[in-house]
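In the two assemblies presented below, chain A is common to both, partnered first by chain B and then by chain C.
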Partner chain A sequence: MSYLNSQDIHKLRNRILSISGEDVSKCIQCGKCTAGCPISPEMDLQPNQVLRLIQINDEDALLRCSTIWICASCQTCSVRCPEEIDIAKIMDSLRKLALEAKIPVGEEKVVKFDEIFLDSIRKRGRVHELELVMKYNLALRQPFKDAHLGPVMFTRGKLGILGHKIKEVGKIKEIFKNSRRIKQME
Partner chain B sequence: MQVGYYPGCSLESSAREFDLSIRAVFEKMEISLREIPDWNCCGASPAHYLNEELAMALPYRNLVKAEEAGLDRVISPCPACYSHLKHTHEEVIKDSGLGDRLRTIVGKEYQGRTVSKHLLDFIKEDIGLDRLKSSMKSTLNGLKVASYYGCLTRLPGVDIDDKENPILMDDIIGALGGEPLDWSYKTECCGASLSVSRTEIALRLVKAILEAAKVRGAECIAVVCPLCQSNLDTRQGDINKKFRTSYIVPILYLSQLIGLTQKLGFTQLGLNRLIISPNEILLQKGIIEK
Partner chain C sequence: MTESSHDENIELMTYSEIVEVKGFVGNFDVTIRKKPRYVDLTKCTGCGLCTEKCPAKVPSEWNLGMGLRKAIYKPFGQAVPNVPVIDKEHCTFFTKGKCKVCQKLCPAGAVDYEQQEEVVTKKFGAIIVATGFTQFDPSVYGEYGAGKFKDVITGLHLERMLDTSGPTGGHVVRPSDQKEPKNIVFIQCVGSRDESKGHPYCSRICCMYTAKQAILLKDHFPETQSYIFYIDIRAGGKNYEEFVKRAQREYGAIYIRGRVSKIYETNGNLIVRGVDTLTGKQVEIEADLVVLATAIVPQPDAIELAKVLNIPYDQYGFYSEAHPKLQPVESVTKGIFLTGSCQFPKDIPDSVATTGAASVRTCEILSKDELILDPKIAFVNPDICSGCLNCVEVCPFNAIESTVVDGRTVAQVIPTLCHGCGNCASTCRTSAVNVSGFTDDQIYAQVASVFEILKKESLLELSE
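Moving on, here comes the complex of A and B:
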């Protein structure tokens, strides 16, 4: 329990406060966030546990968990919290800290999807859905995942084969180059 | 009436019928839609998760483009696109430091003049139910519709309805002569992009939504989100296989339901593009003829 003896037990709480404006000290551990969370059965840390671990400064457990990556950002927890803590926003902040710390993420599949998605935007200015799913399945070495949906979606005209590319695609590349992963707080 | 339009990437492919039906229905009501010139993807959740500045810079460029084209109101049918435009607009108005930073990233300045609308509040407030009704040639004949909103009402920047018990879509369906059902899964999560990355989670969530609608006697589910539609429609086969169920619930876009009352054609509204065909129930209720 070394984290309990650390010099500043509020270190993580303060860091979260500074990047999200949300104060986990207000959490009373009522468990409402967890009770309403649609993804909680698949989470390795429940939402109320996430808040508790921030309170006791256990950064290591938090940045390695899969919870922060499979949170669907549906915002149910944030809407229901009696202390009005925006828990979904805290999940966002933890993801940022995990990426910043460059530690292996607890949910590689989700991050891979996000990376391929952004790559599609960078190259075209828009997302090409068919290319996105195919590239994703190839990257995960599961080329035939959901292949059964291909023909039916194709005949329904739901798969754009070529995809669109915007005129100012160079502008989009510039925007990507100029953007920082974590907004600098003043 | 002319209004700006930001269809977003899904409406160009998997949700083509959402785009087709909106355009057809608006034309019927003599509202002309003008696309934001050369619009780009809003960044959706991946930008939000991986790159905070990018998540605002991408919508910022769209706001600049809309403003340059003189579009004072822009409709975004996709909840994610809508939330990103509206949220970015609000943050820039609130925080001039952020505005300066985004201006530097994008290389152009947004003056803050573009008002974002979703389809639901645009129909209810800007068009109004009376004008909607006057465009109708028939009704939904009491079709039992479960309105499904997903996370729309809770997304950042969105403040159009009650977050947990929204009624905008129910009101519109009532005006169309349908029977909006009272059910408790209106805002449950569909799993969003977990449908691709962690499919088993999405299957569990979608099954619960279908079951709740079925218990209430829903003859179809109405949606206003490309991702909700895709997860609920496309995954029914997988769900039936995995859980040995037999769901056959048509998932229609609200705009398709509106178009049916305006007597627009089945293919014109893209109803032929849905995976679970609504043909049978629409015939049975006398909403379409053979």
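Moving on, here comes the complex of A and C:
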């Protein structure tokens, strides 16, 4: 059961507003975000329910849900929202709040994927698809999961064995260094 | 409509446009352009032979392009007066110089290709504006495929098909293959309640006409199943809620609380993907026909007409009433009244009610010898008016004109047009214009006494 407390009923709404500039009180619960979401069947909370929970300040349910982590940020919801609410941006803000509150991310796979993805970027300045898939599937102890796709993608030139590097990898490394420094400062 | 055409106190001017409105309540000079219809109103008997024999066929506007009409035609069956008009752009005679079939066949000799436009100016005591609405073009919703998929239509298309004198004779068919649809999906609020499309208001009539169409479909074609995607069911009106309940209970319409995000085509059928927010799940429906409840929007030339009439309109182009609660059919300009959907989306009972109200309000003006006006209006002291006429420029109601007093040009207020807004008074450099009850002297006296009170109660410290 959700207990609605009039004292800080607008707390979460205001925090989201200050982080993202998006006002969830505009939401009329039409559900178009959920209707078009490609990840919707996998989500424990539907996008329109996420917005509703912000409206009634249910922080606990929101920061512990898997939805905010499995949202692919494809922005279909944001583009089609009749109230022009950028829902993908709100998902970003919720992820930020969950990390700040040090709530363990329930979606291990997502964290693993993000780590491997960013690692690839740090090293090369761009992603190396083969490395990403292999490392990810090894980490999840399912080494042969996407193996059948490999030969087809390889023959069509979608998978490079060695991967590519961008010209100025140093600058990318600098970005990573700076962001780490900012985080420490915070 | 037919009754009004027979009334001796009513002069109908159809196929005419208002070009200019001058004057004020009780005294309007209206210039009207009567467009040539190329058929003599006094001679035509309305037999319809010309329409029958006309060789030129054009998509019918009345049937939203779903059927054809002739180049000499009446827009719809019950049109008043019962006299056709020639569509000059598509008439074979006007475009190619040959044909004249209608003229040759007309037993009354009413067809006259030489008819010219006529401009007349007449005096009127009051004006009622009832220019109606048009429907929102849903093709801006790429995700709904209106305009791309033939079987995605609007409520008005379905309404025409359900009409026994309509393009399909009351038979509902899919535009793509003329087959009878089984699964019909209705989508509410297409355009309406959509900030991103510029129409955040509710169109008010769609909930009810959709329920009606779902009932009619089941009634005429028992095989059909209707699915209605809605955000809220707005059935506020006498017996409205019961009507929607009947659509659900007796006619088996399935109402789904949620919006549709995408329509796509597979194997000639439409797949509608939406959400049922009550179960929190996405739903997909294979539809034979999709009906969009498109928003009610003002006529494309509504703002143009508002400028001619000098009446205010809102951000969407609907005409504004003088007061939303207490003067709902009066425009801000005295003597001009509003009714129907030119004001905001209205259903039939509301339109009839406001029309009655507006008619009675005009009778109120026309039945009296003298008008009672608000006394708080502007007046000019001609002795100190310098005749700069800045006040004429700033008046939003065109209520100030110039006149000559003792050989000098001075401003003069037309009391029936003035609303007492005070624009003129604050603009006047010599304080020659003032508003009764709010003269400069009175306002200064008020300010002075407020200062006195504040000083007395030590609420104000003046550094002297």
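Keep this in mind: the second predicted complex is superposed on the first by the 167 of 186 C-alpha atoms of A that agree within 3 Å, B and C clash if a C-alpha of one lies under 4 Å from a C-alpha of the other, contacts with A are read in each partner's own complex, and residues count from 1 in each chain.
In the analysis below, a residue touches a chain if its C-beta (ideal position, glycine included) is under 8 Å from a C-beta of that chain, and two chains touch if they have at least 3 such contacts.
Computed from a predicted model, the values in this text were never measured in an experiment.
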Touched partner set for A:164, first chain B, second chain C, both or neither: first
Dominant contact partner of chain A by residue count, chain C or chain B: B
Partner chain(s) touched by A:139 [first = chain B, second = chain C, both, neither]: neither
Contacts of A:61 with chain B and chain C, given as first, second, both or neither: neither
Touching partner for A:40 - first (chain B), second (chain C), both, neither: second
First (chain B), second (chain C), both or neither touched by A:109: first
First, second, both or neither for A:72, with chain B first and chain C second: first
First, second, both or neither for A:49, with chain B first and chain C second: second
Which of chain B and chain C A:17 touches, first, second, both or neither: neither
Contacts of A:81 with chain B and chain C, given as first, second, both or neither: second
Touching both chain C and chain B, counted on chain A across the two superposed complexes: 41, 76
Chain A-touching residues of chain C, taken from the complex the two chains share: 143, 189, 193-197, 231, 257-262, 273-277, 280-282
Sites on chain A touched by chain B in the complex: 38-39, 41-42, 70, 72-76, 78-79, 92, 95-96, 99, 107, 109-115, 117-118, 120-121, 125-130, 133, 136, 145-146, 148-149, 152-153, 156-160, 163-164, 166-168, 171-172, 174-176, 178-183, 186
Of chain B, residues touching chain A in the complex: 9-10, 12-16, 38-41, 43-54, 57-58, 61, 97-98, 101, 104-107, 150-151, 154-155, 163-164, 187-189, 191-194, 196-199, 201, 204-205, 234, 237, 272-275
Sites on chain A touched by chain C in the complex: 26, 28-37, 40-41, 46, 48-49, 76, 80-84
